[in-house]
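Below are two complexes that have subunit A in common, paired first with subunit B and then with subunit C.
Take a look at the complex of A and B:
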């Protein structure tokens, strides 16, 4: 018994000693944690202010030479604080702190708001003065002031010159190929299995006496993928009307629904069967992603469509829809420009249009010179981009200079 | 006339917004914001059409006693029920009944639908990874390596991790970028076709 008591007392004393030690350790501030204000670092020099380029007229660029204590000397600089005011004679309290940058940085873009009521408003065409302090541990340097500078807006963004050149080249190529197509020169377009399968799929639906489900995705009418899908929808509607079968078009966006209704109606009219068009065949479900999936999956499982066509903008619902279609035993044709969703469509659908193939579908189906011209221009531009990429890569490997990203960091002309 | 006015509007706004992209000045930014606001307003008006479509389709199904018409009853009752509970005298969108319905019915149902994805990934993978051809065998091997990459494999962990990272960063990234470049060019081409009136499918006539 006494041994047990002895053991208990030993354990108790050990615990108490541990607790006391811990308390002592926590009450003593560690030597390194004590913030002793050091000597102020030397201030930055040669502070310049200028209008911020390529902006809406509410920005100023502040530039300075690093403090001698930034990464050298006493190495005491931690950051730089930037202040702004309208009057250089204002007391310190009226200077407004607009930003902080870490050591080693020599510039700061003060981008203000346009609205006078907002806290970070930066007035246009008004003299502005700036101060830059080098900040050390609990201290800051003497002030370095600069100004005045006025913010003005720019009428051309010089950083977008490459994009402008790209668009102009594309425009020239497009016009050239449209003219070639109009002259009757044959422009080859490689076969798209997914689009060629549409007729076969509609025929299958007719034989089985089951409807065709056409899903335009969850995008808005402004999405390029949705617009490309409208073209295919028009063709499918015409074929459906010719084969006298039925189609179901559930929509996730009311604007998309309105356009889809008009497209399907026109398809039926073009096929000479406007009376066969049913207004209820194109309907709005909901704008919410997963409720839309639930509704469409319910339709697939109840109606068991012979063919499901998914063309447009898709996100996480791609596999949910496509797998339900597999369960229903439908032939499935899908296409989207969302790279992350393509693998899901590839594994679950019979045919998949990859990325740009969706955009090419309208030209492929129509074979009109105007549409084929743009398609050809797109192919040639792709070749130009490829050649540029290989050339820049080779140049980089040979010279070692950053010729790929550097020209896009700042204007090179 | 029905075709001409939308075509002119698309051309004018298309060209103006294309110019706006290159002009950073304040009036240009304000024009862009107004255009975006206009889009929102049109969307709100279109929502009325959407709700009307929902009611119309549901009501017709119930009236004709079409197959599975009971689902339409559930849809319409839920739609009107939620709308009623969201009215101001019921406490609005932060009212207790609306919150209860939203948090305890809507969100769990939504989560349940999303969770199906896990099972669908498994079933889709099973079909895709059957080694029926050389290509699907490559897919199977690549998928196996990537799956092994995220589980502890002892001394094999390092080489598997390196192979997996290489597959993700080199062949996978190259394919993704190729598709993205095509998508980017295709987007520009489609936008140009729409602005120039070459592509008119959105007008309801292809």
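Take a look at the complex of A and C:
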């Protein structure tokens, strides 16, 4: 209680100091920042327009030579404004401003929307005209016009070649390891303390006669962390059914709830106890973050679960949940791939699965060839990256050539 | 029995404070309209009551917290239900589905040839609802399979770029920045933030951190020997990072608390 009072007093003093500071600041005279219009800068020249490469057909690249007053001459250019229209004879008022870039920049990618109803719609296969103005302090230059250009779509995004290469390497490795696992070759996975504790925690809940709380986070069914959590949920549900204890699964998303119900139901069926499954044990609360936390916190304090498992996508609610779990005296196992939330789970939970350990957990628990093979492929991909990093750094140190800066960012292939 | 009486007394005190606050705030309203002043007085008092009810959770679970929690969850669930209807069904489906429906809901009808595509998600959505009918409930698994499969596939390339390729790319950094030999390095050594020594040290920390961090997340080998040492360094680096992140985020949370305290002492009590 005394800590709460101390915290309250600290906040009170902060508020008072803030009010004092605000009062001091308000007594200062306001700075005058009126812009005095100056002579217009010289316009940019040689404006070119072309289809934006590697897009879905709704983008145009505008390029120009800098105004003579950009960083030189009168140095009066502050930015460049880019306008677009369908008809070059349109009056100025019908030209639509599509972007602004700061001085020194000589290109602009006009990426529009696909939907005709949206405000920034950019039509495909249609003649488009562009204007570029150099903007000074309160004035702008004469116009530089270019066009027409048509936006067309591309079948292959060359900027994604690294993704393709990594996907292919990963695919080959995955298929190879899945086949090895299917043939019965023992694929070693190191023990994960957090996952090994799950069985122990379920046993504790059975002994205490209290439920297990399983929170899948606030992510959608498409989040990788939520998908990984479903696999662990299936395993936990199976164990819960075997031990004849109960579980509570509050959900923040209706689709997640539906999948969680299916997963838990399957877990009970696998354990040979489909009759013990209660549909009400997996329920929807609300889709908003903090009301969801308020409800789960209330559940923790009222039901006093023996074990709380938080696996999935978490944001600011992580510490609120974990702290309440500590107050309720529950064993807590957490895991998320949100780096910013891991510190809270680390300090407040008994076991924490850090990032990728959450993905590994499903493979470790299930020992299914498909998951084991994927985990092994991930490991070998990491090993390849490690070796490449060391090799390229060594090459740079030996030769002095800049062979390593941003190797995947430039389309050097 | 005693706790029931105590609870009743407490509820009476809270109700009394609520009424006093409502009357006081209504009296000190800035508007010319009496109704507006009474309404604003009630809204501020009710917001204060809900804030303090949620704060009361710090003591323990109690009826005030339960009330605030139920209200919060109920309003939120209702809001999302309504939002889903107006944004998804009225906002996306109706304008593409029917001119008369669009006119009924006062949304502009969008006549396009590819509108037939919207019936695919509608069919999947309806299939999802077959869960309510036990005999054909298995059909809902098709929708679930589609959701999981499609999003996992789409996320694969997205995360491959943001969480893997970009991070690997940014880890390829020179370990000896502006290196002109050991003699030159020693003679110009300084602790300036933009100096060569700090630049080299930063890059080495990143390099060692990435290497050891990757070793820690290597699951196919037991963490023993040199591998174990690297893994231990990796977890130390992770924990130091978590510590820094923890402090940074806690400061952000304190500012949220300051916001609430400012509301209580400023907007309500007028002493700030």
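In the analysis below, the second predicted complex is superposed on the first by the 248 of 413 C-alpha atoms of A that agree within 3 Å, B and C clash if a C-alpha of one lies under 4 Å from a C-alpha of the other, contacts with A are read in each partner's own complex, and residues count from 1 in each chain.
The definition used in the following text is that a contact is a pair of C-beta atoms (placed from the backbone, for glycine too) under 8 Å apart; a residue touches a chain by one contact, two chains touch by 3 or more.
From a predicted model like this one, the values you see are computed outputs, not experimental measurements.
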After superposition on the shared chain, which partner residues are touched by A:168: those of subunit B (first), subunit C (second), both, or neither? neither
Check the residue A:255 against both partner chains and state whether it touches subunit B (first), subunit C (second), both, or neither. both
So in the superposed three-chain picture, is A:393 touching just subunit B, just subunit C, both, or none of them (first/second/both/neither)? second
In the superposed arrangement, does A:124 touch subunit B (first), subunit C (second), both or neither? first
Under the stated touch criterion, which partner chain does A:235 make contact with: subunit B (first), subunit C (second), both, or neither? first
Identify the partner contact of A:142: answer first if only subunit B is touched, second if only subunit C is, both if each is, neither if none is. neither
For A:185 in the superposed arrangement: first (subunit B), second (subunit C), both or neither? neither
Touching A:283, do we find subunit B (first), subunit C (second), both, or neither? first
Looking at subunit A, which of its residues have contacts with both subunit B and subunit C? 160, 163, 166-167, 220-222, 224, 227, 255, 258-259, 262, 285, 287-288, 290-291, 294, 298, 302, 316, 339, 342, 344, 346-347, 354-356, 360, 375, 382, 385
Subunit A partner contacts - residues on subunit C that touch it in the complex: 54, 57-61, 65-66, 68-69, 72-73, 75-77, 79-80, 108, 110, 112, 128, 131, 140-141, 144, 147-148, 150-152, 154-157, 159-161, 164-166, 168-176, 207, 210-211, 214-215, 217-223, 238-239, 241-243, 245-246, 249, 253-254, 257-258, 261-262, 265-266, 272
Could you pull out which subunit A residues touch subunit B in their complex? 54-58, 114, 124, 153-157, 160, 163-164, 166-167, 170-171, 174, 178, 220-222, 224, 227-228, 230-231, 233-235, 251, 253-255, 257-259, 262-263, 265-267, 270, 279-280, 283-285, 287-288, 290-291, 293-294, 298, 302, 316, 319-320, 322-323, 326, 337, 339, 342, 344, 346-348, 354-356, 358-360, 362, 366, 370-371, 374-375, 377-378, 381-382, 385
Flag every residue of subunit A that touches subunit C in the complex, lowest number first. 1, 4, 7-8, 11-12, 14-16, 18-19, 116-117, 160, 162-163, 166-167, 187-190, 192, 220-224, 227, 255, 258-259, 262, 285-288, 290-292, 294-295, 297-298, 301-302, 316, 339-340, 342-344, 346-347, 354-357, 360, 364, 375-376, 379-380, 382-383, 385-386, 389-390, 392-393, 396-397, 402, 404-409
Using the touch definition from the top, list the residues of subunit B that touch subunit A in their complex. 18, 21-26, 28-29, 39, 42-43, 46-51, 53-54, 56-57, 60, 67-68, 71, 109-110, 113-114, 116-117, 120-121, 123-125, 127-128, 176, 179-183, 185-194, 198-199, 201-206
